[in-house]
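The same chain A turns up in both complexes below, where it pairs with chain B and then with chain C.
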Partner chain A sequence: MSTAVKNQLRVCVLSIKYNIMKEMINKVTFLTNICFMMLNNASILVQWFVLFRLRKDVGGYTMREILLLWGLTAASFGLSHVLFARVFSLPELIISGKLDSYLVQPKNVLLGVMTSSTNISAVGDLLYGVLLLSLFCSSIGRFFLLVLFTVTGTVIFTAFALLLGSLSFWFVRMEILGRQLTMGIISFATYPDGIFRGVSRFLLYFIIPVGMAVYHPVHIVVRFDAEMLAAVLLYTILIATAAAAVFYRGLRRYSSSSLMEARM
Partner chain B sequence: MQAIKVENLSKTFRVKRKEKGMKGSIRAILHPQTEEIRAVERISFEVEEGEMLAFIGPNGAGKSTTIKMLTGILYPDGGKVQVLGIDPTKKRKQLAYRIGTVFGQKEQLWTHLTPYDNFQFFGAIYDIPDGEVQRRIGELAERFELSSFINTPVRNLSLGQRIRCEFAASLIHRPSVLFLDEPTIGLDPVVKESVRSLIRQMNEELHTTVFLTSHDVGDIEKLCSRMIIVNAGKIVLDDSMEHLHRSGSSLENTIMEIYKSEGRTAIS
Partner chain C sequence: MRKYAVIYRSVLMENLQYAANIAMGFFAYFVFIFIFIRLWEYIYRTPEEVIAGYTKAQMIWYVMMTEMIWFGSNAGAAARQVTMDIRSGNIAYLMNKPYHYTWYILAKYTGEWSIRLPMYAGLAAVIGAWMVGPVPRFRIVTLPAMILCLILGITINAVFKICISLISFWIEDANPFQWLYDKLILVVGTMFPVEIFPAALQPVFKLTPIYTVCYGPAKLIVDFSADKWVEIVLAQALYLAAGCAFMFLVYRKGVRKLYVNGG
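This part shows the complex of A and B:
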């Protein structure tokens, strides 16, 4: 690994560490946020337990697949919001001209922005996801697949938010559509893909990337499919590259501002 | 040798125009109209190494836009910029290792961290080895008299203490050029004087080139050897302080007269 990459990683790790330290200042808020998020997630699973007492399966999913679906969604969503929360509020940074401090540093602007904030309730999502996924770690192979899909899911969620957020370099008020679509991922990612047909299924695989982030990984863990795995990996690389390219293209249009601001 | 060289630098912003009221908002959706604002228009100047230059003008004159183009924050629409022989639009990161910035209205420090932790973070950003960072923190703490609050979270510091820490953080990598955008804004006269003395000290001891924008005549008079006045994106005066002083009129009056002749009176 080159010294430049090592130094960049060191700054990213320090930035994430300082973000979490900031949230830990008030330990009561820190712990209650995490616990309530886990409870909140668990309460929704109760509804699924009740439903599966009435039906054998929903959209081809049994309770086992639902737990796997929730585990992957919560772990990926949680990890992306713990490490890269700022991406989800990128339009605000662009519109109010708050990228200046990242642009005067001799480091990668995108990584600097991405790692500059954390969402502490997402730690609850991450822990909840890891807890559910641990139920499926029956072999080393399974363990590695689950880790891999948590990472690809995190990259896809983050890249999708980055792609939409970067449109704010061109269009004002894009954050509303962006927020709806990124939250749409979570809404759809907690239901079996078998219940979606036609246009909605097309949307979930090609427009809102839930299919590649969660549905395909669930299918691969249940029954291994090398082609599907290759598709997920390729898509992850493609969306990450496209999101970074759009961000840097947009950065040339960045117009800064003279608003008073502090790094909180 | 020149530290900064600018030739025909230009920047235009496109802003949306909207008529007043709800009708105006509806019309703006159906027939959006934009207006081009020339923030900086073909300006050219040079700054010598070790020089302290005041780059001033009324609000909206193009000072901050120029400083942002020199530091690589904004892309110019036209013209050429060279800072320490580096083009900020092409080698932003390389340039960032050699320049420092203090924006009086924008804090770069993490407010929940202590100045010490902040300096360590900035040390990592500039790839300074741990041992060397410790040495430089000690040196800066002594020079800026930070020792009594170096382990207090930044959010609990007074404005004067925070600005001193901002300066220290900007100097941890020993920049050759320091860009200061209204560094004394909101400070009381005593702290202002202490900040000015620190800037002078840096310039004398480290031969740091200083590019200063300020609305405070005291900053300009006590620090700079040359002054450029910009208005409506154009340079309207580029002269040495010595020459301006020889004219007999006070610096404040000279600036006021130039602003008034350009139709603006925005100096404090």
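This part shows the complex of A and C:
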């Protein structure tokens, strides 16, 4: 059993490695993509400098919490797009019947699909996030918390995209709505939860997983709360399990388009 | 001009078929507007408070209008298609056709936003009326003047985006430059009016495309004045002329570097 898991992990790591190496063929494009994405993210700080000139806090957040919020969002979003970029374009594979090449491989289908592509500009997001989070690594405990929340955030973002993407097994045109919802999460995740009230706050914590992916982690890093930490971990396990279950349930409905395709 | 009119009409008819797909993008617009409504409700202590010369309703309407321009004119021809044509070598076929490639792209782009923009304008009007109330001091007679300003702004934006995409002649992927340009427009001109920035920076921002692309049209919608309109339209005419000249220059220099592998 452990050999099978080891082999599977080795295949995943190799797949990710070759995806990145493929993108590195053109070094100028590779580097400009990463550097400009970091600059692109950093330019948003202008918005917060403007807002903090008007009010001392926005939704209970000062500049320090905003940097932490951005750090966690960028690192989680970046890592999910570097490792599992294909999940975010899963509907395209399903609708055009391009899953065949994954189904015939003697390895786990879901992991094979998830690790089959990378988004190179997301390396810029990841580096930007890590840079911001490094400002908060004042102790070993903090360091482990930040690493843990980057991983839970990555799992939540990926699982949510997988859940929405898998709906394409049942419904056509889900890809547009899925993309909008996935990008909607990122929009919400870069603004403080204190500005949202009532129904919107409920939705952000219980339906759209921004609360568990980013808001709770920010609160825990600022002031440790074991109950909140347990809630984040439990939610991460639940959403990952649900997403995998929905994918495999949907896979039973998948019909091939008899497209000849080689995966290299 | 007739051939460009034919291109425009064919793209318009094609996009009409995909109106439902465009409507599915409304969710992202709604999310953005919803966040900004909540943000400004938090920043403004009272609805009567004035920040940088804008009341709360004017500030929210300003963001709604700039976002409407952003989402409504976010058509693929000006940015994605030019880059892809150059990267894939498809431009070798298109540049031999009996039209100028850049005019062809502009005609296509105009056909794309001619469907998107009115749809987003309708959505903005509904969300605004529901969540904010009517636009303060809005007069229907000024609408044609605003529309002219809006069209000029969108065209200037397209010209600049084409110029950036033409960088693909030199480096393979111009997308990173598009991100930076988009972010400049988004952060400085879309999220906030120019007046909210420190006084020393405002004249600098007025010299950038921000003033003609998003600030100008949105400012006129929330706070119209004839003097301001003349000032903005003159600036747009200058920008458009200079932008087009620069676009033709970059294109002429770029095609000399074109290397086609054949196939």
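Keep this in mind: the second predicted complex is superposed on the first by the 257 of 264 C-alpha atoms of A that agree within 3 Å, B and C clash if a C-alpha of one lies under 4 Å from a C-alpha of the other, contacts with A are read in each partner's own complex, and residues count from 1 in each chain.
Operating definition for what follows: a residue touches a chain if its C-beta (ideal position, glycine included) is under 8 Å from a C-beta of that chain, and two chains touch if they have at least 3 such contacts.
Values in this document were obtained by computation on a predicted structure and should not be read as measured data.
Student: Would chain B and chain C fit next to each other on chain A once aligned, or clash?
Tutor: fit
Student: Touch check for A:M183: first (chain B), second (chain C), both, or neither?
Tutor: second
Student: Looking at A:G59, would you say it contacts chain B, chain C, both, or neither? Reply first, second, both or neither.
Tutor: In the superposed model, A:G59 contacts chain C only, not chain B.
Student: Touch test for A:V46: chain B only (first), chain C only (second), both, or neither?
Tutor: In the superposition, A:V46 touches chain C alone.
Student: Please compute the chain B to chain A to chain C angle from C-alpha centroids in the superposed arrangement, rounded to the nearest 10 degrees.
Tutor: Here the answer is 100 degrees.
Student: Check the residue A:D100 against both partner chains and state whether it touches chain B (first), chain C (second), both, or neither.
Tutor: In the superposition, A:D100 contacts chain B only.
Student: Does chain B (first) or chain C (second) touch A:S134, or do both, or does neither?
Tutor: neither
Student: Go through the superposed model and pick first if A:T241 touches only chain B, second if only chain C, both, or neither.
Tutor: neither
Student: How far apart, in whole Å, are the nearest Cα atoms of chain B and chain C in the superposition?
Tutor: Nearest C-alpha atoms of the two chains are 8 Å apart.
Student: Taking the complex as given, what residues does chain A use to touch chain B?
Tutor: Touch residues, chain A against chain B: 3, 7, 10-11, 14-15, 18, 21-22, 25, 99-101, 103-107, 172, 252, 254-256, 258-264.
Student: Show which residues of chain C lie in contact with chain A when the two form their complex.
Tutor: The contact residues of chain C facing chain A are 20-21, 24-25, 27-28, 31-32, 34-35, 38-39, 41-43, 51, 171-173, 175-177, 179-180, 183-184, 187-188, 191-192, 196-197.
Student: Note which residues of chain B are touching chain A in the complex, please.
Tutor: Residues 13, 16, 64, 68, 71-75, 92-94, 96-97, 99, 101, 103, 105-113, 117, 120-121, 124-127 of chain B touch chain A in their complex.
Student: Which bits of chain A are touching chain C when the two form their complex?
Tutor: For chain A paired with chain C, touching residues are 26, 28-29, 32-33, 35-37, 39-40, 43-44, 46-47, 50-51, 54-55, 58-59, 121, 173, 176-177, 180-181, 183-184, 187-188, 191, 194-197, 200.
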